[in-house]
Amino acid sequence: MTDIETPPLPRRLLAEFLGTALLVAVVVGSGIAAAQLSPQDVGLQLLENSTATVLGLAVLILMFGPVSGAHFNPVVSLADWFIGRRAGTGLSLSEVAAYAVAQVVGAITGAVLANAMFGASMALSTKERATGPHLLAEVVATSVLVALIFALARTGRGAMAAPAVGAYIGAAYWFTSSTSFANPAVTVGRIFSDTFAGIAPSSAPGFVVAQLVGLVVGVAITLALYPDAASSADDVVVPHPAPSNSA
Amino acid sequence: MTDIETPPLPRRLLAEFLGTALLVAVVVGSGIAAAQLSPQDVGLQLLENSTATVLGLAVLILMFGPVSGAHFNPVVSLADWFIGRRAGTGLSLSEVAAYAVAQVVGAITGAVLANAMFGASMALSTKERATGPHLLAEVVATSVLVALIFALARTGRGAMAAPAVGAYIGAAYWFTSSTSFANPAVTVGRIFSDTFAGIAPSSAPGFVVAQLVGLVVGVAITLALYPDAASSADDVVVPHPAPSNSA
Amino acid sequence: MTDIETPPLPRRLLAEFLGTALLVAVVVGSGIAAAQLSPQDVGLQLLENSTATVLGLAVLILMFGPVSGAHFNPVVSLADWFIGRRAGTGLSLSEVAAYAVAQVVGAITGAVLANAMFGASMALSTKERATGPHLLAEVVATSVLVALIFALARTGRGAMAAPAVGAYIGAAYWFTSSTSFANPAVTVGRIFSDTFAGIAPSSAPGFVVAQLVGLVVGVAITLALYPDAASSADDVVVPHPAPSNSA
Amino acid sequence: MTDIETPPLPRRLLAEFLGTALLVAVVVGSGIAAAQLSPQDVGLQLLENSTATVLGLAVLILMFGPVSGAHFNPVVSLADWFIGRRAGTGLSLSEVAAYAVAQVVGAITGAVLANAMFGASMALSTKERATGPHLLAEVVATSVLVALIFALARTGRGAMAAPAVGAYIGAAYWFTSSTSFANPAVTVGRIFSDTFAGIAPSSAPGFVVAQLVGLVVGVAITLALYPDAASSADDVVVPHPAPSNSA
């Protein structure tokens, strides 16, 4: 990560803020639309919600990746620091903290924006989600997310992260009982909408703890499968291109 | 944009006319099919409509991009002029005007074609859509569309615009309450079908104004995230290749 | 099309036979499954049918493209001859005839295979489809298919044909009232299954005529948009690689 | 397959174990979710199940391919040995045996994990599936899977296997009456969940035999279409990159 290639931190934080806001707007907004338009079948609602998220998340990674790496997720930023710390690549811990603040503020903003676009009342979610199977599911969902992102980064395939991460979340909506939050910032944001995709404040801490456990598992899987540190370890999600690069 | 690479204006206008006509035919035609075939669930109708549009829009950008840039949207053409004006790339204002006429005429033609393929009566839509939340949604939908297209163009990734723009619209159908028109020409075209995807004439002006506001916001986001003008700024959506280039 | 690169005709005919058989097996088989499993909503049946076809067609083009060009469609083979005849590229007319026979026999075989996999009785379809709007739809569907394939071929992007043609057909299922047969061989094959995707023998001739009109329109659009003959005109759908090429 | 490029066998077996476990977790877990959330329409359940599998399988191939080739399937490992044996590429028979053990143990683990994430009771499936049409369908499904994977490998397009194999399985869920198991390890794993995607122990042997017949047919198709052994024959599914390669 040379000084020439890396955009200044404020611009990166803007990208993390906007990207996380739009990600939560996609998740919450499409959840509201699905619940309104398909009232008779919760599975169909989830299919609509997950399909919109697959497409939207891939696009947001394309849009913001060259600026900030398109983490949108404190767990990814932490893993970026941990995995990249030996090679001097990756974020510093103070950058991780700044990213996390931008992500959480963005996530809350996105939930509020979705509420506004649908004329939904501003209220905290009352949807309890923290059961044992759901917490196990969050560990699985987060660990595979981390392992996927860094498997791609360590094999020079960061440019495939946009479709791959979108596709993964689309599968994880369905194969995990929790519908795969897998993201502490998004978990906090989803407290702020009492709609289909919301989560009650009392369930959020358990989800975040499970996600942090998943982070540890995911990093362990990454290092077991790809033990050799590649020079591309800092190019998480998508490379930071110089402006004249072509893809 | 050299004279050698750019096709003559009439051919580009033909591409914009055909592309916008087919885009509206996809949106309106699949909306008619969905409403006829899935009468019991509006969400399922929208899923069918949005899935067809994701696929169709991506294909149309591939098909027409090398000729005209595959704008199909006056907002995109305006942004192309504004962002490219400093470097002498991009459309001229008179070309923008010609593009816009081709796009609007194409959009109306596409609605009429869809009506004809389904044997639907020719009548103006009576579907009122211009509520406050819907107008906010159009601002959001258009601004992200513009920022996406020019983020790709300014980072040399214009070849990814076809799947990316298709995917974005697929998400935006769901996360915006307005189902994301995000296009003044398409908005006008959709007046001309009194079916699922139609819009009443009285709602169209508000939508167009909101889209122009979204244009300004989208350009601002683009310049904030990617302030350095790249030489590829004129390669909107897809590059204009010389015939012997291979992708 | 050098002698070195082009596989011998029998092998190409085997590819056209197998590919068209599997394409019809996908279309008819998924139609049977959809009608059995989702009896209450025809739109949902079509969504299942079209989704399976998008995925299956893309895969079949990848699989057979390097051998025969993966036409699976006499209209495409005819256009390949016509567009390539000036440059001495493309199929000869006798090859077109051989391709067409392989395609039609393959299509019938595929319908029989689908019937067998689902234990469906062997009977000709009784589904009348040849209305005026449906025939107009077949003209549109076929012309855009031809224009798409040759737009890609003439701009050196033949490698994108697999996902692009799959996606196009997925959109065309929905935006054309006829569900977009767009293929005389497949039309004949679909006579041989009295199930969701079938077509009555009396409706087939009208469909084929409409598809031939679409061929003419599609070639005209191709030449209007991309008048310069590219050396890649013979690389329809996917290039014929030498074995050592990498993609 | 040089010693430098190929990871040590234990690491490859870990990749096959984890990948197959997650594949079965996706198939079984999304099946449970679909059956719970869409109780009224089996077709919608299958659409949810197949969509999750398309996305999840593609991602798992991306994740584990550079380590082990991402077979996840004894039939693929056997074909890799057979097709690669002449050129000295491909797995050895003892490696095939080790892969198969890792795959089967992984598959069972994945079913147990899915049950745990959804709080489902641990019980063997009671779903009988082995009818004549279903066994024919397994032959077709497996043979096309094998032919697809090795068509890509033999034409230097192994990097496209992730989306292509995912897409193929998505089509095969629908066009084969058996929903396309096409994998002996996954068949065994799916015994261990008495849910939507399960298979009764009494049906499994017939499915496995049919899959082995499909293996033979698939290899025959591969060799008929692509008789020339390419040097890339060992790069099944995705190439084994050196760590510094970029995609």
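As written, the chains take the letters A, B, C and D, and residue 1 is the first residue of each chain.
Throughout what follows, a residue touches a chain if its C-beta (ideal position, glycine included) is under 8 Å from a C-beta of that chain, and two chains touch if they have at least 3 such contacts.
Chain-to-protein mapping (UniProt): A, B, C, D = MIP family protein.
None of these values were measured; they are calculated from a predicted model.
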| item | value |
| --- | --- |
| Pieces of the assembly without subunit B, by contact | one piece |
| Interface sides of subunit A and subunit B: same vs different residues, half threshold | different |
| Magnitude of the superposing rotation for subunit C and subunit D (Cα, nearest 5°) | 90 |
| Subunit B and subunit C, separation of their C-alpha mean positions in angstrom | 28 |
| Averaged-CA centre spacing for the pair subunit D and subunit B, given as whole angstrom | 39 |
| Shared interface positions of subunit A, touching two or more other chains | 40-41, 44, 47, 51 |
| Chain-level touch network, classified as line, ring, star, complete or other | ring |
| Chain pairs in mutual contact under the definition given at the outset | A-B, A-D, B-C, C-D |
| Footprint of subunit B on subunit C - complex, ascending | 40-44, 46-47, 50-51, 54, 131-133, 136-137, 140, 144, 147-148, 151-152, 154-157, 159-160, 164, 167-168, 170-177, 221, 224-226, 228, 230-232 |
| Interfacial residue positions of subunit B with respect to subunit C in the complex | 11, 14-15, 18, 22, 25-30, 32-34, 36-38, 40-41, 44-45, 47-49, 51-53, 55-56, 58-59, 62-64, 66-67, 113-114, 116-119, 166, 241, 243-247 |
